[in-house]
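What follows is chain A paired twice: with chain B in the first complex and chain C in the second.
Take a look at the complex of A and B:
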């Protein structure tokens, strides 16, 4: 397995990718309005899961990512509602705020390790989430904030409508995925992976581990905040319950079941698990049982997730055809 | 704060400390022996509470028999998690941690489906009497957990120091390979650690079931304070956990009484962050874990 894996996607991989994007572009003209809303949530969740994976590449499996998603949502919503900031500016500002909060949570606890770090950072993030619950005055308490402005009309296109917002969020998702893909394939991405493989060896080659962990946390937090901004200006409301541990567990389930080894794992995870989630609506009470069990069983019996199985299949296929082994 | 309320709050704080210590000591023991963090540990506590509900409130067993059954149920759940999740994932800390996060969902749904969602289950108090002390009344039922916490945690400390089996547990915690070379069966030790952890959480759940609102989400509520106690005490340290449980038992009870429960959690995590920023290994932890 080589750490440096080409800067570009190979020709054969571009075909299904282009096909997929084209499919997403024509989809809204053929389906009911409800389905458009459902697909939009996939875009938001893919941004969320993919930004989480960046942090996972430095091995910081933190449990506060959905709180940063919430910070993005609250910041963007409040800026647009109370300060009159245009929605398209409020969303990146929400991302910036989420990055800052992520760094603020992580910095004092960088010296803790392993699950001491996971628990401590989760605790601090819970402090933020509980302050939304506690302080009715800017944050609205348990009912949250309502009447958050919709996006405006730009160049004759009304972005508060379903289809234009669908394309807006699709565009944002593709842009975010492009950035994250470039980071993954850059020197920085290689440094991140080196840290997760062997921190001591990575440090001895001159990688400043605390700085890289903070960098991953800031970049991941920024994109999580963007996802929150996209969510809040579609829902028009936000409340603390959206960002609790249950949401975090679903995020973990997407990422673990999909796999985190390659860039495509979380996308597969969201696509498969969120589809099952939508299909199992009639079983709403017992649904968490199935999802929790699936994550536990995947970790025990299928550690690479769905992606790991696919990689094995591809490797076997290439071996049979005497092609060079798959790059991972 | 009147002196009556103060005395009652102190009594409640000691009881809360005892309960937190009973829960957290199992978490820290499991961490020490197999480097595994069990996010579903709060659900062992919940299982203890539901056992008492089912056997005492519904089936009419004597209270103490029901509590004994809660201890057994907790131990059994500990063994199941050890055998089913931790042992196959041994050495992979992150996977073990996340796998038990999945179990949180599983336990919650099972309990909800068996005994019903929604409102909390009422459990009649077996002891209606109260201590009278300087004009304050302290309900017997509320402080029932204190003697049990003192005896079981003191007993565990003695067990870890004086008994062969306890020393073997400590040996595995310090160096599993060297312990294996001494002829210690590591799998048996990790099973023992998880059984003790589950039993203690089950005991706490059983004793506190008459005080707490017993709902399927109880496990999820109790786990954060317990985890805070473990990381602040120093992972793997029973003494540290006991000290931290006392600190947070008082902090949480007093802030809850004076302000509200949400603020109590907020103050607790702030205290935790301050301690860990200065001492990343926790109050009595030897190594950064």
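Take a look at the complex of A and C:
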């Protein structure tokens, strides 16, 4: 079976998945504290990239996703700091706020299409980001917000420590991936894809396109906000620089390099590109050049991303073994 | 129909039937009044009136650019009319969005081969059953959908079998031969469980064998109490399928009548200029 069939993972396909999760569970006991922090960022970025992909399945390549990530971070951080909301409640509330902001941005833009839509989303996102910078009260201006309360001790486990927070964010990531995977394999997920493949046909079969676009935007925004909440309670601070266009470009690089056709593409994209990012720390001056170039080369030479190459390999292998061909 | 199969008797019977319809008549299921559609200065449709009775197979013909597809686009809610009214089952539908009109049971197919190319045949049809799949976001994320999915798949398989595509359920749409792709396009429309089906050139690009299959299928669809409007260039097939034909030319309704009348109508022959025998139009 190929990665891109409508069918769910079953049987032997679950083995590598279980192995991977097990690996992530034992990892923190074998590596230095620094590396635990690094791996946590992968979890956060995978949530971010995966939630973005959901929106991309309805073909809305909006450019405000990273700002929603920021909305989640600011909301969760401010609720915890100023309103005393417990961290584990503040995070989902941040997600909710991000979903609301996403819907508020997208609703007036539903009539725009293609480039008009992409650019308008960027404009509105920039408006939000600039207001974080300009309003010292309550957003803290260019220095952001510091001294955000740490996560509490629950059942004797101190979640402000590295390892417990690692497991907390791993758990949240797996839960988010599970929800998104269910959407992916549901009728709703197929409706989203139908809209991006042929909107006129989709509408002619009764699919309410604006409603579905808003739904994708709200669900994706919610999980982006969750990612922001996870980030801010590990850092103990919000820095507006984390949510600027550069981060948006990295997000685009992850999903373009990984691919968006299958559920696994963005995970591959984050795993590969963020690893390269970490490894290239010593070459910091050439890093932007390298990443810009890598996205361009991928777009030119492997438009389906790494995932696309894997799909081709699998298809060829199936052909050689005369297996029934699945969707490619 | 009658005991005698000769063209004369058939026509007489048809005329009689149509007359009767006029008097007692089943209600019009689709009524178009004074419909116009302008693209800038171009009138793609000009004051078109059309009445289709329940259970009919109505042919809509006309030379290239006559406005046939535009008529379907406006009726199905893809375009807003510039003027005029459309009534479906007694209800005014002009200005409603396409998805709403489909939900009311008025469903169209496309002149182009419109499919979800990356999906299998089965998934093309299950996703098109959108109007009949009711699942909440909560159910999608956390509930049990097995039962609903099974029902939906069963219904989709019925439609696929009905359209003669059963042996291709797991084939990806883009890999199908053209004839089957067109059949899948109709299967997608049937998945919406329409009461009225608008078919835009269902025979286009087909070999004679494929046309034969498709004509049989259209008859079978009609047999399920579905009213059909069919736009088609292949005159022989239109004349064979339809009891009544409306001719469009330059956006206006030229004439209407049973096939025999249309074939010999001076205006129709003039519209298809240079074609001595209009039965040869659209034959490949």
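Please note the rule applied: the second predicted complex is superposed on the first by the 318 of 328 C-alpha atoms of A that agree within 3 Å, B and C clash if a C-alpha of one lies under 4 Å from a C-alpha of the other, contacts with A are read in each partner's own complex, and residues count from 1 in each chain.
Definition applied: contacts are C-beta pairs under 8 Å (C-beta built on N, C-alpha and C of every residue); 3 or more make two chains touch, one makes a residue touch a chain.
None of these values were measured; they are calculated from a predicted model.
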Chain C versus chain B on the shared chain A, clash or fit after superposition: fit
Which of chain B and chain C A:64 touches, first, second, both or neither: neither
First (chain B), second (chain C), both or neither touched by A:203: second
Partner chain(s) touched by A:191 [first = chain B, second = chain C, both, neither]: second
First (chain B), second (chain C), both or neither touched by A:182: second
Chain C versus chain B, contacts on chain A by residue: B
Contacts of A:215 with chain B and chain C, given as first, second, both or neither: second
Contacts of A:132 with chain B and chain C, given as first, second, both or neither: neither
First (chain B), second (chain C), both or neither touched by A:43: neither
For chain A as apex, the angle formed with chain B and chain C - C-alpha centres, to the nearest 10 degrees: 80
CA minimum distance (chain B, chain C), superposed complexes, angstrom: 10
Complex contacts: residues of chain A adjacent to chain C: 4-6, 179, 182-183, 186-188, 190-191, 193-194, 197-198, 200-201, 203-209, 215, 219, 261, 324-328
Partner chain A, residues of chain C touching it in the complex: 76-78, 97-99, 102-103, 107-108, 110, 114-120, 122-123, 126-128, 130-131, 133, 135, 137, 140-142, 145, 149, 152, 170, 172, 188-189, 191-192
Touching residues (chain side chain A, partner chain B) in the complex: 59, 61, 108-109, 111-116, 118-120, 122-124, 126-127, 130-131, 133-134, 245, 249, 252-253, 256, 285-286, 288-289, 291-296, 299-300, 303
Chain A contact footprint on chain B (complex, rising order): 31, 35, 37, 84-85, 88-89, 92-95, 97-106, 108-110, 112-113, 117, 220, 224, 227-228, 230-231, 235, 262-263, 265-266, 268-270, 272-273, 276-277, 280, 282, 288-289
